[in-house]
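The following pair of complexes shares a single chain, subunit A, combined with subunit B in the former and subunit C in the latter.
So, the complex of A and B:
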């Protein structure tokens, strides 16, 4: 029986093995056909109402799953895929920002601002795919790795006192998320360089050629982001790769000289610009590895309405002139709540080459004024109180008239409510009293339970963890102003916990105000879905409207840092004087001292031994000289020398004269 | 069976001494291999915070640019900058740092990699970098991964005083801390040769206690180091004198130049520096005339010609070849030494242990040495006077 059974099993094994091999091979071929490493480069330009220009660079690389081609990397940066694999990152976002997004004039309701307006400094959040007790270790290692990769001190986020675990108010809500910010981190060229090195063409070709450092950092706002999404997790067995989005958003002031020349009389005309006048460079062809390589010019709803552009006459633009003809024009899908539509002009970089570089310019003919779409409530935050002991944080929300009509359109049967999420992290030395939370609606104090629907608080622990407050507010739609205040005590730090420039004050990171019922999205009518651009598909995603408040600077009591040294010095002196004199009194024997003095006096009288020792020292050379005589100045040596020479010469002459 | 075993054991017995011999040879040859200069590292530290210390960052970045130009790659440079000057809001030229008022050269080009910056530049981190005792999470780009074949350039600038250097205006690196770190590095075979270059007030005191290194400081004890010039557009001084003249020396060089360390050291003019550049070589084995500056400020390896590729035997040959090379170089250097001799008067020799040792060994040579030196005229005259007395006595005796 055994002998009979064995071949069967063998056959079965061989059969299944072959089948498996075929299946695996087929599967990999199929996957490779679907998922190739892809790279796209796009630039979006958008004129802003306050005579500025927004430039938004969007680079996206998608890496195929690691199982399909092992450790080989074509377009996707190896460093990033190793990072994802090592720390099992599901999603991560790192942003370096300089300056503050001006929500009032640059808007806050479009996908561009809600996903690219970031708090100043460094912001990092990550979602891990590891067991709960490993997350903190992964986070620590991730911060160190990122600090090495991007030349920044992100590793300060490793200590538990700096990062927090948002429960539900932070949009990528999940239990495994960690969130940390460094508001005072400097952002400069050294952060941009490694970021550019992740691109397959770096800044040597394609749209990234425009990234001229001095003109970028001269801008009003600069935000450089890195967003990672690992679409599959290995625990589920399906691994579909990593998507890396790199965006750079800058707000620049175009040189207005050209406009002044043309229309000297008109002051309110928008400055005309071109790529070469803003960046000082032109695009000489696309990065060969980029599949869609395109530049967009976006006229937002307000601007197109001000221009009188509608879906019928968008080809004729009476107020401005473009230096290049757009390849395509997209119109926004009409939505219920606004009459005007955004218009998108598309330019394909592929058509241009070294001899004929791409340089789009926009020349305004008549002055145009418009407003960007605002967030439902404009949020700002400030400090109250004075002195070094206690103060209060206030978050004020002000209704923007712009969206009032929109809100009323959204309301159903009278009971219209506006939901606002507030996420606030405070460092441990700002000791917040959560019971002192007060809410004002239209300048009237209201009961906390009326307005606050849900609250989650995790108090800070000294030197251990920061304080986190997550609040859901339900405000009536007709609200004009609302305010939250909370009191805090200023803590004391140890002397080694103060920063080198402690007198400047300590930062409280931005609060995040989000409106989960509102979604910013911009859907453009596209005739072919094949040639889909990642930037436009990103705009179509429904992202919640978010805004960041200002960073607060809290002055803490700073000691006189030289005080410990003074104390030590004085104490030491006092002790030395005391013990010295006591020892002196105890140890001194008068008779011994007198004998010593006598001996010394006897030594001094003998001149001959001194002379002899001097002579012997001179004969032996310079070595013993410093023991006897202090080094004398050169002028003195010279006079001595001359005297000696004269003496010897006189002696010789006398001798000769005497004997002759 | 025994007959089979016996030859085998005999063979083993014969093999054993052979192995021992081989191992001893290998052991002897291994230091030769270890002594080879295989790589270059640079640790460049700017320790000053605040805008008015712009010049310190410009100093460090100038050195960074120089060593990069002379061939040390970015991953072998640890750059520590205590503050952000390039994108400082006070900087009129964003993302640019200049070390000269002509603004011809942007030191903060497109390819700067800063490893430690801002609050990370502390004494602790500095000593961790030197001694290599990091946390496990610290990435490789922030570590000094040198070995026993490394030449390390350690450049520091900031505000300092007698035996200390201030970090961030809040803590100090003391000379014995530095000496301790250097000693640890020596013990751990983290370098073959180390050049410490310090541009600060009373710089000479900082490395007084460091063992086994070559060091150069911008000023002696009790002297200040001064800035070179003020840029009225930037609003602050942009470079220090010592670094300015160091750069002036290096700007003339390229990676193929053979200029020696002694020519660098003798290029400092105390009247231009307004301080006395002090160098310390008493613990350094090689002659400075034979050491090209690119040994520390660049990454130029000696090419060794071998006939057989990838063979262990070529080791000994290479050692011999190296000797020949050095002989060859010394011949080349004779000419340069002659030139240097001319400048000898300007050179400041503060420590001269050779002279002291030589006095007991060979009086004639010391006499000759002393003869050569202008400053020993006094003793020479004394010798002459003493020698005249017997002459006088003899001559009078003969006359009589």
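So, the complex of A and C:
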């Protein structure tokens, strides 16, 4: 008992000591009145051209610097702050996505799509603030922690064969980045629940109340993200703590019942919707802890142009009707290469309460058609070739309406170039031949050195590391189509390396196509309130335009999974046959001579044949004798055996007696 | 009469050589439909030219050619063959050179055999005039073998590896010790397995080319009761062996230094050994080939992998000693058996390896005239080489068969090679027995 008590006491001592330290630290901060933990909740709704609606939830909590605050937090989730402190993460992004972002109809040039369109499955990247040789260990621990936190198989990213180290094409360019994806990860509500747990009000109050699982997962696209930025342990001394952004982007199809009621005659009209019709719930007031708690409705440039809304007449909206009056309307700052402007309607949730819940609806009056702003080049990726031996990956880039506009704007200066970065990770069993890289511009094969400005390749090592290819393309602006093809051999795996559904095939993660010359940003006028809204200030940041290509499914040849024993036994038999027969042949002559000598000798004194013949004669002559003799001999053996058994038993008893 | 025969023989020999070269060139310049370079029978991870091109590309872009697991060949091949555009011509030349070397060695062996028969006074009992020109036959078998043609046209490095092996044997047979050492070092450097050829080379240098066992000579002379030392085959002499060892050391240092220079800015020699010899020994690549190890290691449980790796490699090593003891008087035949065993048990076999030992088999047409199952073996080889591509197509391209189909042909192929080795060795031992019986005057029908 004494032994058992000691660690308790020790633990208690340590615990109290730490608690005191923390408490002291916490108190001191409060006295100083430094940065407080903040939390904001925002929802952005955006009608999409193909009769769908985008809902973008944005929750941001910022934790005060750990040095000044100790280990206690008001709002900030403790799990995340511990994670950041333990693994010294500078920046991290984790996304769970289901479905594919439709770049052609949902756009790709605005900040919303370039930062929230993610590849299917899980994507994780992290920047660490540790020495170079510790990064991999930190990454491994991080994946395990996250997989526990979010109930996902992120721990599969632990092995070196699944994650890569982008050199320069990945946006947060530095050597400490690790990037990994799990394209086949199934994303569902079990990942959402732990994600919601990080919110101070969970989904019990505020905007998060809208997150009704059935209606969320019914959508066309669902991406749940966690973005961490920390300056906690930077050497610069400026300590602004940790900022945790949790976003959830869903593309939903509004129920068209309302539209049918009102405009049954018109087919092409956009379906009208309201929050309650989409999510089946209403917002009954804000989360008490959230500082700004607001809902936005964004009409992008194309839509506002189609509605004829300009900076003068944006108060009147001829084509649709809002069920609630906006508290504010923001207008985008006019940019250089588009005349139309996006319009943002803002609704403050603070004004509403339980008895008067917030609901916003949009009723279309006339059919409107518009196009979202697209990426300069539309990227898609496909496989070429047939059979299970080898194939080729092709990344094709097609010009969009944006490029045409851009080209006409820049056509005056003759040498106009479009820079495109391609970042492609391939798993090791896709054995890429980098020397087979071909570039086609406008369907004409071109010399690789003409088009590719910079290339960085790290070839895959079997079962060790994936293949990474980073390419910078310099395309002429007038390009219509461009294509990159690269050949690969399909690898053959051991039977236990195949997934349970081996015949389904393996996924090649999405390639990232980014356009570093273009930045998507939306700057809204009326700056005074912008400081309060993290979502809008995020829109103002210049983020590079990037898009993800499709995930490719590569079928690999399978061995026969039921055969291991057969293969082992048959092969070993053949080898034994080889060994035995060669040895037999080699020693045969010696044996032959011996046999010859023996045969000679046997003629004189054949003892063994003699014995055998005697025995046979005995067996034939007196049949009863052998039958009688065995019992006698067996009884003799039995008596001996009994003696032995008794001896052993006696020994055992003695042993037992001696030691007890 | 003999002279006329010889003339006709040599005339048709050169005809056949030109025909085979022209056939190769035709195949090379109509490569569109053949696609031989991607056949699993031709290009293994070690011999594939595509992988060599990838290694060369990596080297050109200032990366180690062994970065990634694509290239597993020698850095010297990379600098020799990498910049060339017409690689198939190199393999044609390599084939012709090896055929010529095979011919010269075969003639050498035949002369040695005749000389030993003469000294045994068996010229009358065995009709020497019926003797075939084994050198010409071996060279023609090597040149016109479809396996050789496929390996040559299909852009693989195996013609060069084969040439190195043949160079080694030729050098040892004609006592050009530096050449033998060079061939041995290069062959070992390129594909590791020819390292065990050092034993036949030592025997060749120590006692000269193939001859009946020394015991027979002694018996013969005891019968005659005159011990004529000049007619006896020479005793084992260590001089040339030491000479060979010196040259082998010199050449290997030279090769290593060259490799070191070409890999200086990359991982160095250790990386080279790891990704060439290490790759051969650990059977990392499980893509199908005509051997059986790929499927075995794809199916075997991870726990036993190392054990079986050791077992299969030791299988080669275990056979070295018994064979060397029994066939020490016939070093060239010993070399043939070693090459055959290696090409059967090697981790990434290709038809190029089979082409080599089938060519070497031609040297011993006179001795192996009584070999059993030769028709069966011939039919087996034809059958397997027709069935194997069909099964591969069914499995990989059509998806209607599974891996077992292809593995079955590989298994049959391995069995055929086993039968060839076993029957070959037993036929050679029987031949020696026959000679002994001729000398001692025993009845010839002493069944083996």
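The rule we apply is simple: the second predicted complex is superposed on the first by the 513 of 660 C-alpha atoms of A that agree within 3 Å, B and C clash if a C-alpha of one lies under 4 Å from a C-alpha of the other, contacts with A are read in each partner's own complex, and residues count from 1 in each chain.
By definition in this document, contacts are C-beta pairs under 8 Å (C-beta built on N, C-alpha and C of every residue); 3 or more make two chains touch, one makes a residue touch a chain.
Everything numeric in this text was worked out from a predicted model, so none of it was measured.
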Partner chain in contact with A:185 - subunit B first, subunit C second, else both or neither: first
First, second, both or neither for A:641, with subunit B first and subunit C second: first
Touching partner for A:148 - first (subunit B), second (subunit C), both, neither: first
Touching partner for A:491 - first (subunit B), second (subunit C), both, neither: second
A:217 touches, of subunit B and subunit C: first, second, both or neither? first
Which superposed partner A:133 touches (first subunit B, second subunit C, both, neither): neither
Partner chain(s) touched by A:568 [first = subunit B, second = subunit C, both, neither]: second
Residues of subunit A contacting subunit B in one complex and subunit C in the other: none
Contact footprint of subunit C on subunit A as seen in their complex: 386-390, 428, 431, 433-435, 455, 457-464, 467, 489, 491-496, 557-560, 563-564, 567-568, 570-571, 574-575, 577-579, 581-583, 585-589, 592
Subunit B - residues contacting subunit A, complex: 49-50, 84, 86-88, 93-96, 108-120, 135, 137-142, 168-170, 356, 359, 366, 376-379, 381-382, 385-386, 388, 392, 396, 399-400
Complex contacts: residues of subunit C adjacent to subunit A: 38, 50, 53-54, 56-58, 61, 63, 67-70, 284-288, 292, 294-302, 311-312, 315, 318-319, 322-323, 325-326, 344, 395-397, 399, 402-404, 407, 411, 414-415, 418, 421-422, 425-426, 429, 433, 448
Residue ranges of subunit A touching subunit B (in the complex, touch as defined): 98, 140-141, 144-145, 147-149, 151-153, 155-156, 158, 185-190, 193-194, 203, 213-214, 216-218, 498-501, 561, 618-619, 621-623, 637, 641, 644-645, 648, 652, 655, 659-660
